[in-house]
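The next part holds the structures, each set out as structure tokens.
Here subunit A shows up in two complexes: once beside subunit B, once beside subunit C.
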Partner chain A sequence: MATMQKEEYMDRLRSQFDSYLSEKEEMEPEWMSQVRQRAMYAFEGQGFPTTRMEDWRYFNLSSLWQHSYSFQPIVNFNELAVKRNDIMGMNSACRLVFVNGRFSRELSSRGTMPRNLTVLPLSEAYTSHKERISSFLHNEAVWGENSLRSLNTAFMQDGALISIPDGMIVEEPIWLVFMAIPAEKLETYQPRVLVEVGENSQMTLIESHMAYKNGEYWSNPMVQMHAKQGAVIDHCKVQMESPHATHTSHYHALLERDVHFTATSLSFGGGMVRNDIQTELKGQGIECTLNGLYMADERRLVDHHTSIDHQMPRCVSHELYKGIINGHATAVFNGKVCVREDAQKTDAKQTNQNLLLSADATVNTKPQLEIFADDVRCTHGATVGQLNEDELFYLRSRGISKEEGKKLLIWAFASDIIGRIKVDALREPLQERVFQQFNAGYIK
Partner chain B sequence: MASANTFEEFTQQEYKYGFVTDIEADTVPPGLNEDVIRLISTKKNEPEWLLKWRLRAYRKWLTMEEPTWHNVHYPPINYQDIIYYSAPKPKKVLQSLDEVDPELLSTFEKLGISLDEQKRLTGVAVDAVFDSVSVATTFKEKLSELGIIFCSFSEAVQNHPELVRQYLGSVVPYTDNYFAALNSAVFSDGSFCYIPKGVRCPMELSTYFRINAENTGQFERTLLIADEGGYVSYLEGCTAPMRDENQLHAAVVELVALNHAQIKYSTVQNWYPGDKDGVGGIYNFVTKRGKCAGEGSKISWTQVETGSAITWKYPSCILQGDNSVGEFYSVAVVNNMQQADTGTKMIHVGKNTKSTIVSKGISAGRGQNTYRGLVKVLKNAEGARNFSQCDSLLIGDRCGAHTFPYIEVRNNTATVEHEASTSKIGEDQVFYCNQRGLSTEDAVNMIVNGFCKEVFRELPMEFAVEAQKLLGISLEGSVG
Partner chain C sequence: MLEIKNLHAKIDNNEILKGVNLRINKGEVHAIMGPNGSGKSTLANILAGREGYEITEGEVFYNGENLLELSPEERAWRGIFLAFQYPIEIPGVSNTYFLKTALNSIRKYREEPPLDALDFLALVKEKARLVELDQTLMNRPVNDGFSGGEKKRNEIFQMAVLSPQLGILDETDSGLDIDALRIVANGVNALRSPERSFIVVTHYQRLLNYIVPDYVHVLVDGRIVMSGEKDLAFQLEEKGYSWVENQDALV
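== the complex of A and B ==
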């Protein structure tokens, strides 16, 4: 892998973009090319984030521009041959499967979803759902917020459009499976998901990112959610990328009045992982819950940045993030709760708890409150610690081995988050996955 | 340029004939360059190494950029507009209190400061009974009997150069940050204190008794060293409102605690905060840091910040010695247009080090209060323990309270806890007090003082009483 200078990289990225665009222009409407071009300009202006920026001080992206990732991944395989039933979500009724950033018709299924509900790959929806897509993609304030989002907008290979009409209760969860089959060459996957949930509708969305085999790649997915008045949304994201992959995800949720929103982020894989979750509470009476669990060992880095922006009165937000860090791994948590001037009667609670299992593990946590209103109740807390010796002793005195005791205690710590997952088809395999990790020498 | 030439000549001349106090121009023109620094150094008759140190700091400063990460906003400062050296001018002596600004007097009244003290603070000629000079002299004798050195920084440079040279910049190097570099280059004066081995300083050392360090100017430098087993409690500042025509204040405070030494450093800051619309007011950009260099040493910071248009300070502890302890207790009040970005850093280096952070922020009017803290546990800091608590109280719907706690842990035997809450004064609490005949203003005062009790408890007795009253004055007019 040749390393190169930043300027040289930018030049090469530009020429990659131009050839990519001319290829896309044949398949996409013109307004789409314009969006891509605007995003590319924005990216060129912003450049890659550096560790000198407050939001990126623990996350060094230089390897991304030093190695030349290809934005046109090869999708050259027998799709049915890669269908593996042990991959989570592959058996669910309604699923969209993306392989290396591109939609795979063979692996996907619509199930028994009602006709007036839209679940489509983005590449097939540009003409039929122009209004919807363009209202998302023309929101430059959202995708221009940081340069990696701009990059996703410029290079998005495919993605999903999900639109739920008003007053519909979707009982089956909708799964989005992003599968990576890493090639010899370094590749990057830039999927984009746009979700619109109508008034008083309910839906469960599961997003899983996994690798078919180990390898090096960079995935940079972005999700935009628009929840209309009274919608109830449960969103789970499972990240199990290859241990050498870089994963930088962006989530923007715009919530209207009386929305009930839950987003759970479960991060188990990846070598360098960054999850940005940004919610804007734009109406009164919203209940917003952000939960998360991250596990990291070896030399991996897991970085979560969450932001809850209380813009209107009488909203409630709860946030609970838990981390288990082992080996030489580093975990970063930055949780921001902002309460604007008008957001009186806000009730916000934020907690971050970290379990350090080895002497070489590192935790950097910053729970952050910014409050401009006075009639509020806001608390936040962060802890960093180890397994409690007394608790371990208690278990051992009851005849449980030290190792089993540790497992029990760590499981108890993790199950606080996993236990809150409502979808059985997700919770049960995840429990197994955590135990697998334990048995694979996670605890020494 | 003519002025440059004159300047050159001027400095040359000074150097040639040594220190002359009788100079016509006792103020240099505004602006900063190496010659100004040479001039400051020459005027203060400083040794060569100190001049070199100042120049190194200046050259470093030139390469640095003013920080922008903080949560305060102010118009850009023109550093070439500041007069970096002005010889101490005798204050105009007033004949009686009648000549003093009545607003100032009414504040004194509320604080309960005695008449004699009021005179001293406003620069009215004082009678023999309360002659601060004689008081100070008596105390000084007592201190020197114990071997304690307590003098102005310039005096220390002359009389104890070996101590100054050994410790200056050992805690806050000139490369540390923009304002520390500026201070290192141009610091005017400050205090120096050395507590010898095994000596427990018998009284609260305070600038109150320190007559030689008046007019320390806007770039104050303090160095405090407690040798093995020493103990000192140091008070800085004054509850009385301080008026100053200098807008920018960039001070540096360095504390060094050797084996089993203890330093308790208390600050009450009440600089002019500007008027109701935020016009005027002091910019207070201070770098304060203590090093627990020895085993079992302890440094405790207590601060009550009520003044200044902008406060930017993070009294920190480097817990280097094993079993050392760092503490930080803070009350920061902002009212009207005031902005405060304050907090602490606790760097755990040694084994079994402990730190406690208690921060109370009160925002009223349109004030913006930010707590910014760092707790860092390094790899070898086995058994480190930290507890942080920062609470904010909001009075009024146009103020803001922000919390930015950074926690960085690299050792799995460390236990770090942080908790924070933000709330307002409950209407039912005020109603309860009203019911029992307390006015709303008094009720708020009482609730606020209760909120800050944990911190006031750490202040020396007589300070604590004044601090409570001061809080009441700072929040005046913010209710109802």
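== the complex of A and C ==
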């Protein structure tokens, strides 16, 4: 494939955007076009992140502009007809299914969700939920921070709007299934998810990104969460993209007073993976938990950048990320915790543990604590290690083979995170999936 | 069953075993006693297949097979069991899952069908009673948060479940109070049979009041310097290891 220069790429992108916009203008309100145009200008000003930027030093995006990805993917929903029930999340009662970035009404289901709960594809909500959507999308401070977020805002093909009214306990998880059916031509999927959880409401949100078959593509999803006072939120994201895919995801959570928020990132697939998770703790008494498990082998790259911004007093944050790295793979963990001047009595704990299974695997782990208050407790710890030989010998001395023993120990390491997942319908298939990955030669 | 011939072993270039000879027949219980640093635990670990030792000379035959060529799991499949001096804690792996995987690996080697959950549970219940092991420990991670006594009882319990041909007890008595010692010893005694042999490694004679050996060997500085019947243990208790060392000097 011919590579091109950055300027040439930007010119092409602009003309792709113009034709995309004129297509969208027929279906979307005027204000949406304005948002898209502003975002496109922003992106043109910013350009792609480069490895000269501190936050991107391990993540080289140049292949994304050297090879032109189409922002107008072609979808053949019929391809999904076979085995669709085997796909994780497809049997959940309430689900929105997106294929190559586009919503599939056929595959989706509202289940028994109450009438006053909004769960809609964005493309059908622009008119009926203008206020809500535009308040998210006009928040330029959020999407303007990183050029890939601007790009998502300019090109979002579709996405989800979820809005839970005040005081509602939503028992069933809401599942967002993002399915890729890679085409011959390189395509990019840019879904956008907007979630608003009302005061004292409770919800579980699952986001899964999977490939129906192997191939090359780039998915660049962005999620914005707004949790109002006293809301309880459990969000799990599962990334099982194709081994040749690039996945760059953006998560911004705005948390109000007394919110209990848990976000778990489970990253198993993809060739180049970047997960940015940013939380802003805007009220007192918030409990924010970020958990993560990442696995990479061969020459893959998995990069997590998390940020917890303590802005108000008496909030607690716990962060536990674990990684299993094999082959020539590279993992990056950058955990930023900011404690602002007003955030007295903050209790923040960050832990990153990595298991290296090969001499050629690399881990770059970096805690980044910025503390401006004086009455706080902040701890962080990072470990990078190999399998414990004493543990392995103990297992083998009981008749468990070396391979089985390794699997068991790695499983024990991983299950620390998987065991914390509360949704059975997610935890059980994930356990199976991790074992499958082990059996498929992940451990040698 | 087991024949150790002129075994020499090094760790980090220090020679620990300097020519050990030992022959164990079916159904026999051999005690190996000796002062600290004499090589008792090294011998136990080498028999179980622990890595990190360099065998510079000698051979070990187990039922006619060259034992030193087998991996730890291959030895376990053939019926060797080491009760660890310091049992390893494995957070995240449940005792039940661990033991079931171990048992079924051994059964597979013996060409026996895997035990199903019910049969396994029944077996666990029966064997746990043998060492008075609290069954709720089965649901906990392997040795994780166990007391010293619970860990040692768990070793003997595992031995009972896996039903080896040769049980090697590495200082199983260390750190046990007299009640726990009695329980552990009763567990071992219940497993004694004409088909099963034991090597009991210990520093003190105390354990041998409860597990009465057929033979006692004294290991000093990497060599067995004295062998005898069970009375030898009493003599040692009375006179101390320096007595043997002096005898050795006279030879």
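In the analysis below, the second predicted complex is superposed on the first by the 439 of 444 C-alpha atoms of A that agree within 3 Å, B and C clash if a C-alpha of one lies under 4 Å from a C-alpha of the other, contacts with A are read in each partner's own complex, and residues count from 1 in each chain.
Please note the rule applied: contacts are C-beta pairs under 8 Å (C-beta built on N, C-alpha and C of every residue); 3 or more make two chains touch, one makes a residue touch a chain.
These numbers come from a predicted model, not from an experiment.
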item	value
Partner chain(s) touched by A:S401 [first = subunit B, second = subunit C, both, neither]	second
Contacts of A:S415 with subunit B and subunit C, given as first, second, both or neither	second
Contacts of A:N364 with subunit B and subunit C, given as first, second, both or neither	first
Comparing the two partners subunit B and subunit C, which touches a greater set of residues in subunit A	B
First, second, both or neither for A:G385, with subunit B first and subunit C second	first
Partner chain in contact with A:E184 - subunit B first, subunit C second, else both or neither	neither
Partner chain(s) touched by A:F372 [first = subunit B, second = subunit C, both, neither]	first
Subunit A positions touched by subunit B in one structure and by subunit C in the second	none
For the subunit A and subunit C complex, residues of the former touching the latter	389-391, 393-402, 404-405, 408-409, 411-413, 415-416
Residues of subunit B touching subunit A in the complex	69, 377, 379, 392, 394-424
Subunit B-touching residues of subunit A, taken from the complex the two chains share	54, 341, 344, 354, 356-386
Residues of subunit C touching subunit A in the complex	48-51, 71-73, 75-77, 81-82, 84, 87-88, 90-93, 97-99, 101-103, 105-106, 109, 141-142, 158, 162
